[in-house]
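Got some structures for you, see below.
Common to both upcoming complexes is chain A, partnered first by chain B, then by chain C.
Right, the complex of A and B next:
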């Protein structure tokens, strides 16, 4: 019946009740609740899609549930992009093969984005910023509160904007994601984190007396550590990186011990 | 020979391939052999998202890949050749010189009818037939998800 281009971003002809897409988004929160080695997030994705799938025509419904339960492994926050786009494709009654191929193509990039932006950048950076706050003398409970609010503001923004982007762009979401340059932004944010690691290490070495009490050799050492990490860190083979971090930790411990006894 | 990896992976280009293998093998070109994908702009855009801008990504039909493979084997690039299924890899290898090359089965997921070899590797009869064709074509077929993992030999793949 529908003659609009399938999943091309054209507005759906039958407007959805407003709650349906919101229900998909909320269910997306539990996308990993039945994670397994066979289909990974497949069950979770199918369950999240149910509010949209229930509205599908009789002949589409069973097959639709099957295809959304197939293997999927992206990232729990960035899966929202896929949920948005897949909702659009199902509502537009796109060709099932197109939907299957879209799922197969989008999971890898979303996993990579989530790894870089959230696990490798946001989590360590926000934790470190919290550590800096605590070191500055902010009470622990306040630091924990600020950390949780700030981190989840980012988390929920990714979910909400990701879903909206997917719903709007459908299968054409690739260039839109590239245009956002999330990886580039994460890299710059990670550089800031590394600078903080350097400064905080220097401060810890100086015996926790604060930046004001930081003598210049520690500051130089911190800057040096930052540049070594920034230039060499990404090229280190993982066991090498573990050994390096271990060695630095031992040096830090020895340094603090000698400072404390001296 | 500068095809550094032949890999069968349903996910085609993704983190494990680009970061796990590509970095280890210093790959600078990713060739995806898939007839439908060669003709689908929006899908290509999605797969390109996983690769840094300085790397070359080529989407080729099976016929085009068979024609270009001898060039990829000798030119300056360090190429990773990817297919979605074992059958396409066997079609690509047959008659085109891939003697002694190792074909890596790295990600074929569960589907009704497929039997588990490893958590990342499920094969059905059609897949096993294609594995035999690859062996007949002179390649060495092994299962391995990441460079550091132990190879899964033919005896287990065909069991």
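Right, the complex of A and C next:
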């Protein structure tokens, strides 16, 4: 398809119409649509790659469909990097075994990077920022709008730049990603996230909107709850939800009994 | 009927947003619950329930094969329960119903992922065709939308029936109700703090808390 060096990282002289790559990029939004316990995102990756694969020779296409439907589990946003790089390799008609090995090698690091940068840092940070604004009295609709715009500016930038990076770098995308030091940036961003945990807690304890000043027993209980969560970690989340639902159910039952006896 | 249909469709939309399509975070509790409140004509209650649920679900992120509470449809049902029961009873019913439905969502999502195995082609078994990929893709997506619709509709039916009873039986006043729910939310904040403070950044937590206390005292 192209005379560019195969997966070398040099700019490809692509004969592809721009719409084909754009289609792959947009289809990346659906990469988890057929998530399953066997191939995980495999079918989604193959579906996203179809606009590129359809342009391959019939013989190559059949094998390409197989390799791109194999097991894959990265991160939905950072999968755009893999989609860009794999598209490049297919367009360059790289060796199938090279593509298969590259695909298998990149999924784990992309998943770990996305989990660290997006799920463990960006989502809680933006959600906490929204919570701070809300509990300080900013109208809910404004908070939701600001949250969606700010979060998706980052989200869409990751997708767009990730795809461009993958397409440009091909198999050399790993070193290029490491050079961006995204994990290091996420680590530094974690300080801000933690500060926001403190700010939300402080605003609520001091009586943010809709809360009112917490009466002393609740104030002390809330501080204690934070400490329990801090010490116990994530294994305490589920019991907390169960206890909260249980407390509401018991209070409703007591209220009903009181109504009936009264 | 239009009201319920609109909420169930909203539930389907935020279910798709949660994992399947885009992940634009419309499914976060603050947004989904606020949209449900807007649809029901009571955005303030919708956003209040969403803000409380947001604290509970800060650690619930759709990471890979992990099974976490599904926030979108839960938040829609939570907002509806809060609006229908009204007052402190509504807030308690809405948050409790949403936490329960979040788990039901996680279980149904896991079941659907097992189901998806049936129609997604496996290259280890037979050569994959484009038609099989496309069929697997759209079947899974369609089932997920239906799952979100049904899950939300069932949740709405339950809170619709429970709302009149809860509104009469709830024994706590507004301050105590908020206190009770915030105690649960603070466990979640502590859990998140723990996951971040492992990097020895606890001083940021302390500074943030002081700033928050000041902000809450001045603007709260």
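In this section, the second predicted complex is superposed on the first by the 199 of 262 C-alpha atoms of A that agree within 3 Å, B and C clash if a C-alpha of one lies under 4 Å from a C-alpha of the other, contacts with A are read in each partner's own complex, and residues count from 1 in each chain.
Methods note: a residue touches a chain if its C-beta (ideal position, glycine included) is under 8 Å from a C-beta of that chain, and two chains touch if they have at least 3 such contacts.
This is a predicted model, so every value here is computed, not measured.
Engineer: Between chain B and chain C, whom does A:86 touch in the aligned arrangement: first, second, both, or neither?
Structural biologist: After superposition on chain A, A:86 lies in contact with neither partner.
Engineer: Go through the superposed model and pick first if A:111 touches only chain B, second if only chain C, both, or neither.
Structural biologist: both
Engineer: Figure out whether A:174 sits in contact with chain B (first) or chain C (second), or with both, or with neither.
Structural biologist: The answer is first: A:174 touches chain B but not chain C.
Engineer: Is A:129 touching anything from chain B or chain C once the two structures are fitted on A? First, second, both or neither.
Structural biologist: It touches nothing on chain B or chain C.
Engineer: By residue count, is chain A touched more by chain B or by chain C?
Structural biologist: Residues of chain A touched, chain B against chain C: more for C.
Engineer: Looking at A:158 after the superposition, I want to know if it touches chain B, chain C, both of them or none. Which is it: first, second, both, neither?
Structural biologist: A:158 sits against neither chain B nor chain C.
Engineer: So, A:101: does it touch chain B (first), chain C (second), both, or neither?
Structural biologist: first
Engineer: Which of the two partners, first being chain B and second being chain C, lies in contact with A:39: first, second, both, or neither?
Structural biologist: both
Engineer: Looking at A:24 after the superposition, I want to know if it touches chain B, chain C, both of them or none. Which is it: first, second, both, neither?
Structural biologist: So A:24 meets neither chain B nor chain C here.
Engineer: For chain A, which residues belong to both interfaces, chain B and chain C?
Structural biologist: 37-39, 70, 111, 115
Engineer: Which chain B residues qualify as touching chain A in the complex?
Structural biologist: 10-15, 18, 36, 40, 42-43, 45-50, 109-111, 119
Engineer: Which residues of chain A touch chain C once you look at their complex with the stated criterion?
Structural biologist: Touching chain C: residues 29-30, 32-40, 42-44, 46-47, 50, 53-54, 62, 65-67, 69-70, 73, 75-77, 111, 115, 119-120, 123-124, 126-128, 130-132, 134-137, 140-141, 143-144, 147-148, 151-152, 155, 187, 190-215, 217-218, 221-223, 225-234, 236-237, 240-241, 243-245, 247-249, 251-256, 258-259 of chain A.
Engineer: Would you mind writing out the residues of chain C in touch with chain A in their complex?
Structural biologist: 19-26, 28, 30-31, 34-35, 37-38, 43-44, 46-48, 50-51, 54-56, 58-59, 61-65, 69, 92-93, 95-96, 99-100, 102-103, 113-114, 116-117, 120-124, 127-130, 133-134, 136-141, 144, 165-166, 168-172, 174-176, 178-197, 199, 201-202, 204-217, 219-220
Engineer: Could you pull out which chain A residues touch chain B in their complex?
Structural biologist: 37-39, 70-71, 101-102, 104-109, 111-113, 115, 171-175, 177-178
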